[in-house]
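In what comes next, chain A is part of two complexes: it sits with chain B in the first one and with chain C in the second one.
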Partner chain A sequence: MISFILIILMSLIFTGIVIRTKSITSGRKGPGIFQPLKDLARLFKKGSVYSQTTSFIFQLAPSVYLASILMAVLVIPLGQYKGILSFEGDFVFFAYVLGAGKFFSILSAMDTGSSFEGMGASREALFSMFAEPAFFLLMGSFALLTGYTSFQQIFHSLHFGSSVSYVLMVLATYVLVMIALIENSRMPIDDPKTHLELTMVHEVMVLDNSGFDLGMILYGTPLKLAMYGGLIANLFMGDFPLVLTIPIFLGLQIAFAVTVGIIESFMARFRMNHNAQYILTLSSVSLLILLGVLLILGQFN
Partner chain B sequence: MNFISVRNHQTIPLSGIPMLDYDSFLELNVFNLIREKGAHCVNYFGFRLDGLIRLVCCIANDESHSIQVSSSAVPRMALPSFSKHNLVFEKFEREIHENFGIAYTDHPWLKPVRFPFNRFDPGSRIADYPFFKVDSEELHEVGVGPIHAGIIEPGHFRFICNGEQIVHLEIQLGYQHRGVESLFLEKNKLLQRCTLAENIAGDSVVGHSLAFAHLWESLCKHQTGDHLKMARTIALELERIAIHTGDLSAMCTDVAYQLGSAVFGRLRTPVINFFQKWCGNRLAKGLIRPGKSHFPFTRDLAIGLMDFLDEYENDFEDISKELFSLPSALARFEKTGVLTTGQALAIGTVGLSARMSGVSRDIRASHPHDAYEALDHQPVLKTHGDVYARARLRKKEINQSINHIRHLIKILAAPEVYDQNPLKPAPDSFCVSLVEGWRGEICHCAITDGKGELIHYKIKDPSFHNWLGLALAVRNNEISDFPIANKSFDLSYCGHDL
Partner chain C sequence: MNPIGVFMLFIGIAIVFIPLVSVERKGIVALATVIGIAMVSSIPAIASLTGNPFEYVLQGSQITGRIPVRIDALSGWFILVLNFTFITGAWYGLQYMKAYRQQREMLSLHAISYILVFAGLIAISALQHSMAFLIAWEIMALSSFFLIIFERHRAEVIKAGINYLIQSHVCIILLTLGFIWVAMNENSYDFNAIVQFTEKRPSSVGLALFLCLFSGFAIKAGFVPFHTWLPYAHPAAPAHVSGVMSGVIIKIGIYGILRMLLLVRTDFLVLGYILLFLSVLTGIYGVMLAIIQHNLKKLLAYHSIENIGIIGMAIGLGCIGIGKGNPGLVALGFSGALLHTLNHSLFKSLLFYAAGHVYQATHTMDIEKLGGLVKKMPHTTLLFLVASLAICGLPPFNGFVSEFLIYTGMFRALPGSDFALLSLLVLGFFGLALIGGLAMFCFTKAVGTVFLGSPRHPFAHDPGEAGWAKLMPMYVIVVLLLGIGLFPGVFVSLLSKPVELYSFISSGNGLPGIFPAVETLSGIGWGAAIFLVLAGLIFWLRTRWVMNRVQTYDQTWACGYEGDTGKMQYTASSFVRAYRKLVEPVLSIHKKKKEITGIFPVTAGQETHPGDKIEEWFIDLPVKGLKKFFNRFIFLQNGNLQFYILYGVVFITLVLVLPLVIEYFSALIQFLNSI
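So, the complex of A and B:
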């Protein structure tokens, strides 16, 4: 329960922190931290306009998309404290409930019949497909290491025993940060700020959405980022009590948001055809984690 | 001699242009003049005279620093085309076809150019543009525009793609057509014409108004003083700095490099603010007037500009170093949107888009105007023809412009008193005026009647040739690289559509 509340709270200011970081690094005054929230509030007050070529799927998809993310947030624990839902194999549930949401957003993009949105949908599907093995290799390795298959139990029993496990933490953090950026279509995979429909990935899929629907889709981004931030924070909590976990959680979330802001300030995005290659390297990093786990378990003796 | 050789903005009597029959006109231009080293077509247009269509072809020769003008008069009939033999005439002939209904028998791509108000066939509509089509199961079409997501002007881009790869791009323009050329004839006050010239393309105000001013002064046999020439050169180079800096910023935006986008953007503002200080308009509107200047380039302005340039250069060098050593940005710039030297020569690109492919075309060096003779301008060349070459070229040209301005301020002549007598153009005359704007060669041609009134005014913006260069450069690139390729060319829609 506590993790759900923290993630929701964090999601309210996450993009605000990213935008603030970007405006500071570029020497601009920039909007306040709550500006994205105000924009969302404005969208939620509006009605939606639907194109005549779209069907009910297009109207359904934004709700399904947001709901899928909320469902995924339910299973995120906070160190030793369970999420609202916790069961054996919940990390598989986590990955595929997000997948279901993405599936609907792809369907709705195809539903509009626009040539751009089809392109965006195909890119999004391709990139998440490549990111999936990395996530499962990572969580699978941890499951192997700890002998558990639910988030809470895995994170609870992860401990910093040997020097190898420190390396594993660093690698795992890297993989999770990158997966978070890919799944949220952030830099360097996609540029959320671009106005160029031909280079967009996620943005182009929601070109036809407006008002309340658009609000739901846009809120999905900070929610997902905060959710992955929560997942990363869990790597560092072990069985600490609440007094420690909450500051760790908040600190890591803010550090994550600032990192996203800095990446988006100081580098250019990748060329589209380099993306697939780049995402696949995450899987090889995950393979390293698997190797490390096997080392710790003494499989090579 | 069946052609006449003129210098840049030299007025000649209209009767001085030799009239040829169409076959020898074609042979002269296609097989002789354009094949010479350093020759390129700066303008080829038609106008109605005595019931016939008078065709005038101006081929500039960079080696001999002259422009070879020849002409022919034809009735409306089917003719063999120049383009069959040399593609540089392609767009000019399409324009003649569209305006006068001359049906070329062997033109490879006889399509409408811009749907002008006074087109020959008023029944042709912009909505029915005959796009190139491919019937295929694998290929798909993506249409972009005419209304775009950004702040750019309207224009339609039709891509034929194989997945993410562009197989063919067709660019259809004409949405910005305002009838500038016919307005030049209708509006007979000089001020109105100056204002028109300034508004041909909002980003080349100095370039176009300078081309008009040269032309008008030449037609009126007016001698321009040294101070005015230098001040105009400074304005032209300042415009180049401003737009090149803005383009570098926009290119950073397109590859999502925020730091570059912010810093180059910040650097551009004080440059255009200097124009504000100089003439009360950030785009330099009102600065260039034939025969005079309402805003003299004073000592105070010169000192202010020197100080500003020092400041600018410092920051500019810093951020350029950052940009050109950033691997992620270089990965986007290099080998993207390549226009080979062969392609550039075949379609006759001009200006920046030619120099980035190793084609040395620069009016400042080949047909110098204003103070360029004194400057001994050497064009900067790049050879790869990709986005990186265009970015580097901009950077180098900015450095070069800064040096030119510094040098000019050092040797700045004393201001002269302008002759306040109204200018009166010579009757029955022809003049062609070339100016190297920041984008490339701007060409204005004027023809006067027996009373010294304009009977034809022809404008050619560098974008006219260069759009085809963009279409060729993006072939086999990824469609997601199109925006950065497009921005790196930064061509004008309204300059093309007139």
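So, the complex of A and C:
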């Protein structure tokens, strides 16, 4: 319950922090951190324009997309405190429910019959397909290390004792950050600020959405980022009491947002046609984590 | 009067009756018979699932000996799955075949074959006698051949049918070999002889026997590399036959494997490793090829191969559980396998039925020619969409439940596993996650290009929605898809009896607490329900909110271009282009390209034809070699009737004379020895 509220709160200012970081690093005055919220509020008030080609799927998809992210947020724990939904193997549910949302967002892009949106849809489907094994290998390694299979139990009993485990933590953070960036189509996979349809992923899929629907889709991005931020924060919390976990959680989330901002300020976007291979290498980083876990468990003795 | 006799008499009467009734009534008689058979067979099946297995021993003849008919929980589960899909298939087929009413004789044959396949499949599930089993198997194989070749005037249909006929007989040869091996040593055709046969011998013998039988069943089920008949047979058959074939007929191969696992005593750990490895391969290969298909039904056929892979993974996990003495893993593995069998039969038949609507509305299965059907066929689109979500294993539908069981099984197997098992499990995670992602890629392509966007090709007749009679059986399936997704615990606890059968080796005293998984399953049930409610709520709120705002309808944004954008749409090929580029080295994709040249270019174009590398290596190459070899004897087939009669005479003479000659020779040798 606490984690849900914290993630929702964090999602309200997440993109604000990212944009603020970007403006500071590029020496601009920049908008305040609540600007994205104001933009959303404006979108919610607007009317909509629908394409004549679209069908009921186009109307339905944004709602399902937002619902899927909210469902995924429900299973995220806060240190030793369970998420609203918590059961054995809940991270499988987490990954698949996000998949359901993605399925609908891809379909809604195909529904417009636009060549650009098809392009984005194809890329989104391809990239997320390659990101999925990395996530499962990562969680599999943790399950092997702790002997549990739910988020809360895994994070609760994740003890980093030996020096190998620090490396593991760094690697795991790296994998989760990259997955978060891929899932949200941020830099270095995709540059949300380019305005060339041929090289966009996520943004090009929502070209025809407007008004309330667009607002929901756009709100999905900070929500997803804050959700992955929550996962990353959980890696570091162990079983501290609430007084400590909440500041750690918020601090790590803000650090994550600043990192995203810095990445977007100083990195160039990768070549689109090599992205798929790049994403597949994430699985090999996950495999490294698995090997590290085996090392800790003494499988190599 | 014995119950089996009644059952056979019932089928016999129906078969005689069908050719006699008028063409409008043939389908109704067939449907009534199918429902009758289903009701009769459901009684012992349900009883067996509640713990009262049915057993009846037929007297048989001197050759066969007594024929035991046993419906235990495993048979019961498969019979129930068969019954449901065959009823919806007959119900749907009744409407689907209305378009072919002028072909009276073919319809009779079709209806009879349909009933025979059904009866054959139930007999296969119930008979525990290898000879009777093979006879039932042959009846099933031959009648499904007739089902496939319904549109016999099309050359590719006949080709696919013959391909199927040959491969299903290779399957029968392998099964016969395995059963003869046992019968020779034990002098009994009862399946229990397999237990006795393998118990006394080293585990390698059991393994060899299992692999022999497994190869046979694997051809039926469609495991890679035995899958090559499947992608031809499914597109060739009428939609309801494809649905039933993919839904349950290939599952009888899974039943065979599961049955043999109950009988063969061997090293289950090795067996589990082999099964798991082969299944991951099957799953990934199936879906990898599915993505690049241009024919909608062929795409679905490759997905059947993928799902057989998923079922196989679950069986492999169960075997590893038996081998390791881990009852939790046994429960998860086998319940995952059995549940996925049911799930796949539901959503795959639904997908094929929906594809049948598309075929009857547009007369093509070429994905590149379809598009924008959602406006003409909203129900079909919705049904196909739901089935796609289910087959991708996405909540809140049923596919997620069985995949979840398999994931949980793999995570349960992790602690305390040695290096070999660990690497296999990692392959399993990697495989299952990749299969999930690839399936999503494939079905977004299928739904997106077939149903969404705007039309890509003009049709002679405007495509229209199928009637309610056709849609009804499909909505019935949707209810079950959602039911299993929302109440997984109910369905998995039904599986407790079949799964208990597999506890014979692990602990001896059944499975402790039967299902550790049922509690967790209520978690995903709740998750699915909340997801459904939440999405509904958000959609409702949004609709209420948007209602009071300005809503306008306009063209799709095409960067300022205002003309006809139908041809500018992303096609299926362009959707998968990036993927195709990546997998080109692994798969065999034949490309034909004509570049634009010169100042005044004429026509240019590009074609891609997805091939099947395994088929090219394992089927086409050996066939080519065989053809080359047998072509040397072509002089024997010279077209002269006299020669053929001569061959007959020579054959008969040889058959008659050879034994005599041998006898004389042996007498001669004996005589020589004696002096």
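The criterion applied here is as follows: the second predicted complex is superposed on the first by the 301 of 301 C-alpha atoms of A that agree within 3 Å, B and C clash if a C-alpha of one lies under 4 Å from a C-alpha of the other, contacts with A are read in each partner's own complex, and residues count from 1 in each chain.
What we mean here is this: a residue touches a chain if its C-beta (ideal position, glycine included) is under 8 Å from a C-beta of that chain, and two chains touch if they have at least 3 such contacts.
Worth saying up front: this structure is predicted, and the values here are computed from it rather than measured.
When the two complexes are overlaid on their common chain A, residue A:I57 makes contact with chain C while staying clear of chain B.
Of the two partner chains, chain C is the only one that A:D90 touches; chain B does not reach it.
When both complexes are overlaid on chain A, the residue A:L252 reaches neither chain B nor chain C.
After overlaying the two complexes on the shared chain, residue contacts for A:L78 are found with neither chain B nor chain C. Of the two partner chains, neither chain B nor chain C is touched by A:M227.
When chain A is checked against chain B and against chain C, the one touching more of its residues turns out to be C. Within the superposed three-chain model, A:A268 lies in touch with chain B and out of touch with chain C [touch as defined at top]. Of the two partner chains placed by the overlay, chain B and chain C both lie in contact with A:E197.
When the two structures are aligned on the shared chain, A:I289 is found in touch with neither chain B nor chain C.
In the overlay built on the shared chain, the residue A:K22 is in contact with chain B alone; chain C does not reach it. Looking at chain A, you'll find residues 115-116, 119, 197, 273 touch chain B in one structure and chain C in the other.
Put simply, chain A touches chain B in their complex at residues 22, 25-28, 115-116, 119, 187-188, 191, 193-199, 264-274. Contact residues on chain A toward chain C in their complex (touch as defined above): 44-57, 59-60, 62-64, 66-68, 70-71, 74-75, 85-90, 92-93, 95-97, 99-100, 102-103, 106-107, 109-119, 121-123, 125-126, 128-133, 135-137, 140, 143-144, 147, 149, 197, 207-208, 211-213, 216, 273, 276-277, 283, 287, 290, 294, 299.
By the touch rule above, chain C contacts chain A in their complex via residues 371-372, 374-375, 378, 381, 385, 388-389, 392-395, 400, 403-404, 407-408, 410-412, 414-415, 419, 422, 425-426, 429-430, 432-434, 436-438, 440-441, 443-445, 447-449, 452-454, 519-520, 522-524, 526-527, 530-531, 534-535, 537-539, 542-543, 545-546, 549-559, 565-566, 568-570, 574-579, 581-582. Those residues of chain B lying in contact with chain A across their complex are 140-144, 149-150, 164, 252, 254-259, 261-263, 266, 326, 328-329, 331-332, 336, 478-483.
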